[in-house]
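One chain, chain A, appears in both complexes that follow, with chain B as partner in the first and chain C in the second.
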Partner chain A sequence: MTVAVFFGCAFIAFGPAFSLFVFTIARDPLRVIILIAGAFFWLLSLLLSSLVWFISIKASNSQDLRLQRDLLIFGVFFSVLLQEVFRFAYYRLLRKATEGLAAISDEDTSAISVRQMAYVAGLGFGIMSGAFSMINVLSDSLGPGTVGIFGDSQYYFITAALMTLALTLLHTFWGVLFFEGCEKSRWWVIAAVVSLHLLVAGLSLLNPLYEGSLPPVYVITLLMGVWAFFSSGGSLHSLSAVCTRRKAEGESS
Partner chain B sequence: MNTSDSEEDSYNERSALVQCESPTIPSYNQDHDVSLPQQTDTKRRRPVSSGLDEPGPVERERASTPDGEEEELTLKYGAKHVIMLFIPVTLCMVVVVATIKSVSFYTEKSSQRLIYTPFEEDPNSVGQRLLNSFLNTIVMISVIVFMTIILVVLYKYRCYKVIHGWLILSSLMLLFWFSFMYLGEVFKTYNVAMDYPTLVMIIWNFGVVGMICIHWKGPLRLQQAYLIVISALMALIFIKYLPEWSAWVILGAISIYDLIAVLCPKGPLRMLVETAQERNEPIFPALIYSSAMVWMVGMADSSNPGSADGRRRNEGGARAQEEEESEDDAAHGRRRRYSAEEDLEEDRGVKLGLGDFIFYSVLVGKAAATGGDWNTTLACFVAILIGLCLTLLLLAIFKKALPALPISITFGLVFYFSTDNLVRPFMDSLAAHQYYI
Partner chain C sequence: MRKMGYLISINCVKLLITALLYTCVCSSSVEQKIYVELNQTVPCVRLLNATHQIGCQSSMSGDTGVLHVLETESDLDWILSSGPHPPYMVILETAFFNRSVMMRMKNSSRVSGVAVIISKTGLAHDFSPHTTCPNQNTGVYSERYGSDLANCNVTVWNPLGNGLSYEDFPFPVFALKDENQTQVIRKCYEDHNQRVNGSAPQYPLCAMQLFSHMHAATDTVTCMRRTDLQNRFGINPEVLCDPLSDFNVWTSSRALNISSKGHAVNESVVIAATRLDGRSFFWEQAPAAEGTVSGIITLLAAVHALYPVTQEAPPPRNIFFTFFQGEAFDYIGSSKMVYDMEKNDFVIDLNNVHSMLEIGQVGLRSGRSLWMHSDPVSRKNDDVNAEVLEMMTRMRSAAAGLNVSVAHPSFTQALPPSSLQRFLRAGLIPGLVLADHQTSFNNRYYESMYDDAENLQVTYPPDLSPDEQLVYETDAAKSLAEVATLVARSLYLQAGGENSSLSNITADPKIVAQLLYSFVIQKNNSWLRSLLPPEVTKKGVNSLLSSGPPQFYIGLGPRVHGPVHSVTRFVQYILANLTGTVTNLTENQCQDPSELSSENKDLFSYFWVSGPVSVNSSSEPLCVRASVRLSEAVSPAFELLEYGSRDYSTWTESRWKSIRARIFLVASRELEMLTLGVGVAVLLLSLLATYFISSKAELLFSSAHDTPTTAY
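Here is the complex of A and B:
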């Protein structure tokens, strides 16, 4: 519980998201707005799912710990489903906005493509999800205390940071895939995204058995990353083109 | 502690969101007494129905060509202007939240109250507490309404000297006294030893440069920074001295008041903005944050961008920043050179009243002050930004002064109470078990 832990966990959890923001989003005002609106939609989904969970808690016996835990698990899955519903709602909103912008502007295309919006929206969801999971934990890590003094795991902070990072990246990839699926009306893609999200949430239920939750989640993240890359038009050819171009530029300079 | 009356009122006129293109419209108008609300709709129709044959077709042409492009321009630079307002609002909130979380002075409840909230909140009885907070709100809002009306009357009867004196007095107090208090508390928190001569030097320089930047001329960025700082200081004072429940009720009431004052035909803020636009004067710089260079009254050749560019480059000290910004604006201006009006619009940007900054920061600051939960603060922050975005969208559509408080404060309040009561227990349980959603 030191400043080192605070900075380490903060950079692990938010480093990639922050650098993605700085390099790809910060320059374009429209993308920043879409990012913040995405965060807002995620927040709305969280609000509604917390409301449902809260009602279920109040309606039940607060002494029965087993029931409380089951209700929490139900809350987790319900929240996941609601997040995906709101992702779809955000997709519809962005489509309407694109049509509006395209109709008004001089050129036929709008300033931002659906793929870019998918990426930004996914990142917005991811950043907000990560922030809400991690910020309170980070602020506690600055204060005094002993981790796991009651017999819990000592690796709480680092695993929380790693899980947050994975979820942020996953939300980004899911955003890309989801919008792509909606655009091309490939419903199996959407179903896959939803079920994978449920799977990841389910894996996190295995905590504190971190071997059961973290490695599979990272494997899934990697697979999602590859899938999103190919789905949004990338190819091995373009990857090698990037490498050779950099090499050529390096040689020529 | 007594804050001067000037504080209370001056932040209030600051609650409006204005787009800056309207003053150029009278040059196309045939009759100046048509009231502004019809302008936006009839702006394009008026040249057609002007009844004069010769200018008719010409104006119709001018009205039609920029039509589609103007719409597109509005939306295209709408995004840029939204960001130009996001950044200062975010900075102000960051300053307030950082202070609240580190300097405990602003969260300690003192027995002193402002004279504007005379009723004490008794923590024991809910009904009594609620009643007292409503009474406090009524007192506060009536004071604000009264002050606003006085200000508008003074402005209408051109008592500029009185208004300027009032504003100067209030910014003096903010820049010297409140920042001295703030600095004192920061030093106490971090246990920094400081001697009076150094302190006097610091405060003196800070205050004088601030007065010059805000009331006279100065680099744009410096002026913006000072406006953000004084809004943050004012917000901190409110957070400290408003009783708990009264603060929330006041926030709600003031957004309703803002809505009425800016939109109703006889609303004081609307009359203020309209009078300023009729006279083609900028509203006092001490009340409004402008995202672009403000054009002074009587500036010659507003239709000649060349000289204007030159003037912009020469004004202000910090050349590097200024040139960057003016180059950017000038580049934009040159690209859309077909109409000087467009050029002027691009340069003027969008303005946000300081009262809006203050109340946004009060909301987020109070969210940060009560309880140690950062999720609530973040949720309120996002809600306010989204409200501001929606308000700016409406501004782009309606093109007249709009109240910036209602939407943001409503979202902020809804998210504060729901996050604090519903989301917090949920996220705490999830974090305790390390479940991730």
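Here is the complex of A and C:
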């Protein structure tokens, strides 16, 4: 009955991404295109970084375990930097594309704001990175066995799913913040995104010590979420407005 | 230039693809965290005959169960009734691998598979998974022929047989041979599954999965029909089962011309026969030391002892030595040879056969007396009786001066299971079967994996190097040499040879020692290597000379190392070297000597062998000419397409895709349900939250001044 684990993990890892897609992306073809293109850019970055890692592995002495671990750490950080470079490239591309989009649009303004593009592109990054980190694990979660014969934690699958969930959300928030930083030329925002991405990647190297990696990652996710909320125009005022509006609606109806 | 660019881009794409694949390969690292593959396992596989299927199989996707080591009787109750985690995968200690335990598990739905630890500790005094009456239905005795002797009515030959090999188990049964892997399994069991004070162990539990799904089912008739249908209509025909088949080896003291088939004019032959194969419960685990090897070695040593004398003082009759393959499975080899003789498709026919002497189990583990078994039914014919009595007299006189005694059991006793029975089915042929048992077998481990060197009492003094062991004349070797001398002398007398030459016929104990070492201890030794072709002795080319003793299960035609079974090949080359003459042909001439006028392919076979290793550890390959031949050993039932035949062997072996075993942990149901619950909760919560936020997005994010009208 490891099908239960499979579905449980799949829901945890991809549930939020799925619901975001359904309610905010799927209705608008332009957003779907931007999402897919974002996922593609993330894939390109992974391809390049894996190529570099592959070559360095082949070139190095495969017997030297310490060297191999160092190479892995190098590969992770290199990949993070490359992902951010591609995020920037994607931003430049979208920026160029808005003019064209505005031209073909019926209205005067662009059909999609930069802020929305940022969110959609970030989700595209997040979904693809989540899929890549989770699908292998998911296929093994079908069983019949579970992790642990070598003394590993038996919560491996659920923690992997939770980590993927956090990573998907983080990519979305980072996308919003990064584009905002580029738009307003606030380089410290970009620097903060890159360094936090590096930090999260570094935390994942602590695995299988899940207590060491999961809570900090979730704290970072929460902070990022709040920051992204405020930076994309949210405020305490608007929050309370939502609550009171609802109250008012309730009274009027 | 353009082309070059094109090539480079192709290479780049290739590199990218490899890189991508490499990232995917990481998935195996999760698998490595979960599973421990056990690769030193031996399965029990499914065999089929005209009416039954025997053996074991798993379901298509492998059978999984929680491990439980059966160490005491109470463990059996736990597995079969009280344990809370069925189905169980039972790890059997050798001592519990017996009929009653296996049958109780077979009848229980709480057992998903069995893995037997093969070790010598706790081995029962006797263990034979064969039937009590081997080859009961394809021997000579039946309703029509000696009906009172049929079905082992008078003598039960293998009373210790429990018939396990002939049961059909609905679950997989594997043997664990490797001590290290057994330790891994035990550790996993002790860490996770051991009961503490009789209470059930807590999850996660150690479990095992066995894959041995068999393609064939029901019986040979069904399986062959299905294979046939597939061949006729299928686009991708798949064979479901193959007949057990290999080759008999034969040679004769005077070369026979193989180009002429049917009755050979002016030829009268004395057949000396033994069998080449054995079996056990598990696939390709048949050491068959006492059951088969004792006979092979005796006959080989007798051939060697007879060879110089038959060249100097040839007896009037020819002596025809033959090693029958597949005799454990309803006499495949001998029935095929008799069938060919009857069809005039063999170098001699039955009328050429003067008499027959078969070597049975002659291990002489206890005592020094041999028994001459004969067929009471054919001896009702006066001529046959006279010849049989004559043979007995000759054998007694041959035994004079030897350290063994020969006697005959009571004349009302039937023949033991033997190839002679197949000849008697075809005609009245005087014959004897020489064995070391008066009534039932002395062999306590008949057709089991414990019928090994130790059972044949081949033991060496401690601290002998392998090369010293190879030539060390153990007591077993000495007594087998005595038997070989007896056999050789009586064959010479039987062929009409003079008494005066008898003293020149003596089997060489050193040859016997080397044969014993090669067949029951280690086939990869310098002596055997020197007798084999140079290409098979090269390391790593194939599995013909892997370490350990050879196994004697007949198996199927296409093998890893060529079409011929390794034992058949060994016997063929040993015979060639013992009886052949060295020629000065080159390698090419040796492989095809038909163009040379001095050589005759119809009379002789030519063997290119490594030759003995000289002092500077290099060997000079040479060409040996000998009248050693192979003849097909495939049951005539498959030639006649009578898959339901009652006269001929119909044994087939099922095909399979994968045989493997692995252990891992299984999680508790609570944890699985917790994961699912958290997953569903996360999904629902995020659906709700997203719906709420997206519907209020205008309000939430409208405060910023630079936000254009949104589409939220």
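Operating definition for what follows: the second predicted complex is superposed on the first by the 242 of 253 C-alpha atoms of A that agree within 3 Å, B and C clash if a C-alpha of one lies under 4 Å from a C-alpha of the other, contacts with A are read in each partner's own complex, and residues count from 1 in each chain.
What we mean here is this: a residue touches a chain if its C-beta (ideal position, glycine included) is under 8 Å from a C-beta of that chain, and two chains touch if they have at least 3 such contacts.
Every value quoted in this text rests on a predicted model; they were computed, and no experiment measured them.
Novice: Once the shared chain is lined up, is A:V137 touching chain B (first), chain C (second), both, or neither of them?
Specialist: Touch partners of A:V137: chain B and chain C.
Novice: Once the structures are superposed on A, label A:L47 by its partner contacts, choosing first (chain B), second (chain C), both or neither.
Specialist: both
Novice: Could you look at A:S60 and tell me whether it touches chain B, chain C, both or neither (first, second, both, neither)?
Specialist: Neither: A:S60 stays clear of chain B and chain C.
Novice: A:I36 in the overlay: touching chain B, chain C, both, or neither? Say first, second, both or neither.
Specialist: first
Novice: Classify the contacts of A:G145 with the two partner chains as first (chain B alone), second (chain C alone), both, or neither.
Specialist: second
Novice: Considering only touches as defined above, state whether A:S195 meets chain B (first), chain C (second), both or neither.
Specialist: Touch status of A:S195: no partner.
Novice: Could you tell me if A:S204 is touching chain B, chain C, both of them or neither one (first, second, both, neither)?
Specialist: After superposing on A, A:S204 lies in contact with chain B but is clear of chain C.
Novice: Which of the two partners, first being chain B and second being chain C, lies in contact with A:V76: first, second, both, or neither?
Specialist: Only chain B; A:V76 stays clear of chain C.
Novice: State whether A:T2 touches chain B only (first), chain C only (second), both chains, or neither.
Specialist: second
Novice: For chain A, which residues lie in the overlap of the chain B contacts and the chain C contacts?
Specialist: 46-47, 50-51, 54, 111, 132, 136-137, 139, 156
Novice: Could you please specify the touching residues of chain B with respect to chain A in the complex?
Specialist: Chain B reaches chain A through residues 68-69, 71-72, 75-76, 79-80, 82-83, 86, 372-375, 378-379, 382-383, 385-386, 389, 415, 418-419, 421-423, 425-431, 433-437.
Novice: Across the complex, what residues on chain A touch chain C?
Specialist: Touching chain C: residues 1-2, 4-5, 7-12, 15-16, 18-20, 22-24, 28, 46-47, 50-51, 54, 109-113, 115-116, 132, 136-137, 139-140, 143-150, 152, 154-158, 161, 165, 232-235, 237-239, 241-242, 245 of chain A.
Novice: Applying the document's contact rule, which stretches of chain C touch chain A when the two form their complex?
Specialist: Spelled out, the residues of chain C in touch with chain A are 15-16, 18-20, 22-24, 26-27, 30-31, 33-36, 64, 188, 204, 206-207, 209, 662-667, 669, 671-680, 682-683, 686-687, 689-691, 694, 696, 699-704, 707-712.
Novice: Report the residues of chain A in contact with chain B in the complex, numbered from low to high.
Specialist: 29-30, 32-33, 36-37, 39-40, 43, 46-47, 49-51, 53-54, 57, 69, 72-73, 75-76, 79-80, 83, 101, 104-106, 111, 128-129, 131-133, 135-137, 139, 156, 159-160, 163-164, 167, 200-201, 204-205, 207-208
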